[in-house]
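You will see subunit A twice below: alongside subunit B first, and alongside subunit C after that.
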Partner chain A sequence: MDYQLDLGAVTRNMGPLIEGLWVTLQLTLAANVIGVIAGFGLALLTTSKLAILRWPSMLFVEFFRCTPAIVQIVWFFYCVPMIFNVFWGPVFMGIIALGLNLTAFNAEAYRASIQAVPREHLDAGIALGLSPAQRILNIVLPQALRNSVPVLLTNGIGIFQQSALVAIVGVADLMYQGKTLATATYRPIETFTIVALIYLAISYPVGQFVNWLERRQSYA
Partner chain B sequence: MNATTTNSALVEINDLHKNYGPNVQVLKGLNIDMMPGERVVVIGPSGGGKSTLLRVVMGLEQIQGGSLRFGGKPYITTKGSKTVIDSEVRKKIGMVFQHYTLFPHLSIMENLILAPRKVNGESRASARERGQKILERFGLAAKADAYPSQLSGGQKQRVAIARALMLDPKLMLFDEVTSALDPELVAEVEQVILNLAAQGMPMMMVTHDMWFARNVASRVIFCAGGVVVEDGPPEQVLGDPVEERTREFINRVFHIKA
Partner chain C sequence: MGMTLDFSILLRFTDALAMGLWTTIKLTLLCVVLGTSLGFVIGLLRSNGNAFIRGALGLYVELFRGTPVLIQLFWIFFCLPLILGVEFSNFVSATIALTLYMGAITSETFRASLRSVGREQMDACVALGLPRSAQILNVILPQAVLRAVPTLLSNAVSLFKESALVSAVGMADLMFIGQNISNNTARPVEVLTVVAVIYFIIAFPLTRAVTVVEQKLLRKFSV
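After this line comes the complex of A and B, so read on.
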């Protein structure tokens, strides 16, 4: 192969990539705010004793777990404006689409940690005279929230990576800017390598932090 | 004694039926009257309903028939297929479980004062003061700010007992509280229970430790097949049982003779 690497073609044009990264970070942070809060509410619904609350919420979770993220995003960008006659900006659309996906996955993380609280702790709560609400508030939730943190972080950084999918529907994120730059400079190898390294540079430390957190929790 | 009181029992269990699912009958018409100040040890083969009995008395289980009274008042009854439990009566009973059940996210002191504060509305300062006294009595004063994961099994179980005592129970239930402990940690927990017994705390317990049963019990009940087979003083039930099934069980438990 007589290809001459020219990283300069990319490094001279970092401006659009930085702008794209900024959009990607906005998508990630906003989707995580939605996912962490709404996911918790959804988890309470999926663990509800009332079938009328449980079934629709489980259906929501299964829909997002059992369809490809790319299909969800394409469907959302094309169908929601037509069905509901609303036209939001592309970044806002991306935040909602990614946020709903993360909500479903975080709900599962919360649900698993709620159910991981030993039954005997609830029995002990009854024996101590705590009301059902007091048992949830003082025994179940503090333990469940703490146990769910590593999975929430893993899901959250997962959505950082998944957010690249919105490039195909025209959101000007890091991936989109990379594609544009690669086309403009005829330097796909350099451009996409650097784009990948940017994703890696942000995901890797978070992943290491999660590992450290899990190790620390297993000692406790 | 109030003349209208027909029965002065602390706990009256009448014709108690308990199933797990449609096919598993654990308790099949159990009758026990426990007098105030009694220390009842329930023994019997596994699956005989001992732990279930304690859990029912604690108000942790639905029952399929019968009723319980506590301190002369109705406590647990059935209404159709529903179990009705008087939660005010339930607050007079404390229980310690096999697996410690200390809340891992709370310090030892926070474990002790959670229920007094939330259930009785006691002030933090007052609850802490009582908690500190109990911990001192149990030789655990230095552990007040430690977390459960930093304690040995024996220490955890003593804290669990202290936590139950914080609510000033009129009856203590101990469900195999030394079964999960390393052998060298059993004595410290049994000593705490023996001290409580010496102070006249009414208690009902399940244990596999026959030496402990003999030392703590004022009455031993042999439970098998979901009914009371034999009921009497420890010398009788553990030493010279009347019933054949009790005799068989006791012989099997003491099959290693020194």
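After this line comes the complex of A and C, so read on.
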């Protein structure tokens, strides 16, 4: 190959990449806060006895699970301002779009754990005179949350990777800064390799932690 | 809301959308077949091969599972031609990228299903005096492959969805054509909604099929 590697082109320009990484981390953390909380609420709705609550919430989950994330993001960035006549900052838009996607995936994770809570526990709650809200908060939530942790973490790291999609709609995240740098320096190999390794350096340890957690839970 | 929706503008573009959808389907099917075959070989090698092969393949799998698919596509589209000194067509580059991605995720599926075949089955093979080839071909593999089927199906649905990323590197798939129409007509709400619905109409029945396969087929074979 005639291409001479020059890592200096990237290491001299780490500033923008660090800024991009910071945006990526903000997107990931905020989307996870939304996904972990709203996902549980949505899961309760999808397991509701009332069809009027169950059907729309299931449609929401299936729609996000069965369409490409890039379509959701592009749709969100182009259509939400037009439909609702609102103009939010790009990072905030990215957080909401990724957060809604994660909410749907987390709801699926919670649903399985909620259904795994033994019937007797709820009966015991009724016998003790706990209100429905108390039963959900004190009996269902702690068990569902504990059982869902590995999948929630896997989904959370998934959204970290999916967050790179916001680069397509111009949010200045790590991927976007990488693209800009690769074009400006004519150094695609060095830039894209280093950007990929930054993503890997964050998702790999979390993935290993999930493996460890799953092994531990399967012994418990 | 001060806008009126007019979905009839899409009627002018049915041919273009159909062409994009065909590209998406072609690319997905090709990469599902190639990627699953690659994943099968890698899954076997990672379960049995020597330490060096296991290490190298493990690195490959973690690299493709631990980075955004978007950057994998950028890498294959912009860096691979520089390294190899050859230009590929968009379709070939996209096929290479998505096949390598699919190979990495399905290899994990195969590895997990190989592990799920119980130790006692191997012991039974030894007790029956079966040769090593019969142990693998007639006892372990049929069970492992059958158990992998539902997860492989969801892997295939994931790939169908991930394939929309090739629009970002300029390949004329369904998403790319949808975005072009949306930009040219300034009607993103109608066009992008229809594009999303098309993806949904294909992916949703497939995800249902995964559940059916999981429940019915596997119970029938009781594995």
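One rule holds in what follows: the second predicted complex is superposed on the first by the 196 of 220 C-alpha atoms of A that agree within 3 Å, B and C clash if a C-alpha of one lies under 4 Å from a C-alpha of the other, contacts with A are read in each partner's own complex, and residues count from 1 in each chain.
The rule we apply is simple: a residue touches a chain if its C-beta (ideal position, glycine included) is under 8 Å from a C-beta of that chain, and two chains touch if they have at least 3 such contacts.
All values reported here derive from a predicted model rather than from experimental measurement.
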First (subunit B), second (subunit C), both or neither touched by A:T47: neither
Contact breadth on subunit A, by residue count: subunit C or subunit B: C
Touching partner for A:Q143 - first (subunit B), second (subunit C), both, neither: first
Partner chain in contact with A:L130 - subunit B first, subunit C second, else both or neither: first
Which superposed partner A:T185 touches (first subunit B, second subunit C, both, neither): neither
First (subunit B), second (subunit C), both or neither touched by A:M82: second
Partner chain in contact with A:Q26 - subunit B first, subunit C second, else both or neither: neither
Subunit B and subunit C contact sites that coincide on subunit A, given as residue numbers: none
Footprint of subunit B on subunit A - complex, ascending: 118, 120-121, 123-124, 126-130, 134, 138-139, 142-143, 146, 219-220
Touch list for subunit C against partner subunit A, complex: 1-3, 62-63, 65-72, 74-75, 78-79, 82-85, 157, 161-165, 167-168, 175, 178-179, 182, 188-189, 192-193, 195-196, 199-200, 203-204, 207
Subunit C contact footprint on subunit A (complex, rising order): 1-3, 62-63, 65-72, 74-75, 78-79, 82-85, 161-165, 167-168, 175, 178-179, 182, 188-189, 192-193, 195-196, 199-200, 203-204, 207
Partner subunit A, residues of subunit B touching it in the complex: 55, 58-60, 87, 90-91, 93-95, 97, 99, 101, 103-106, 114-115, 118-119, 147, 149, 160, 163-164, 167
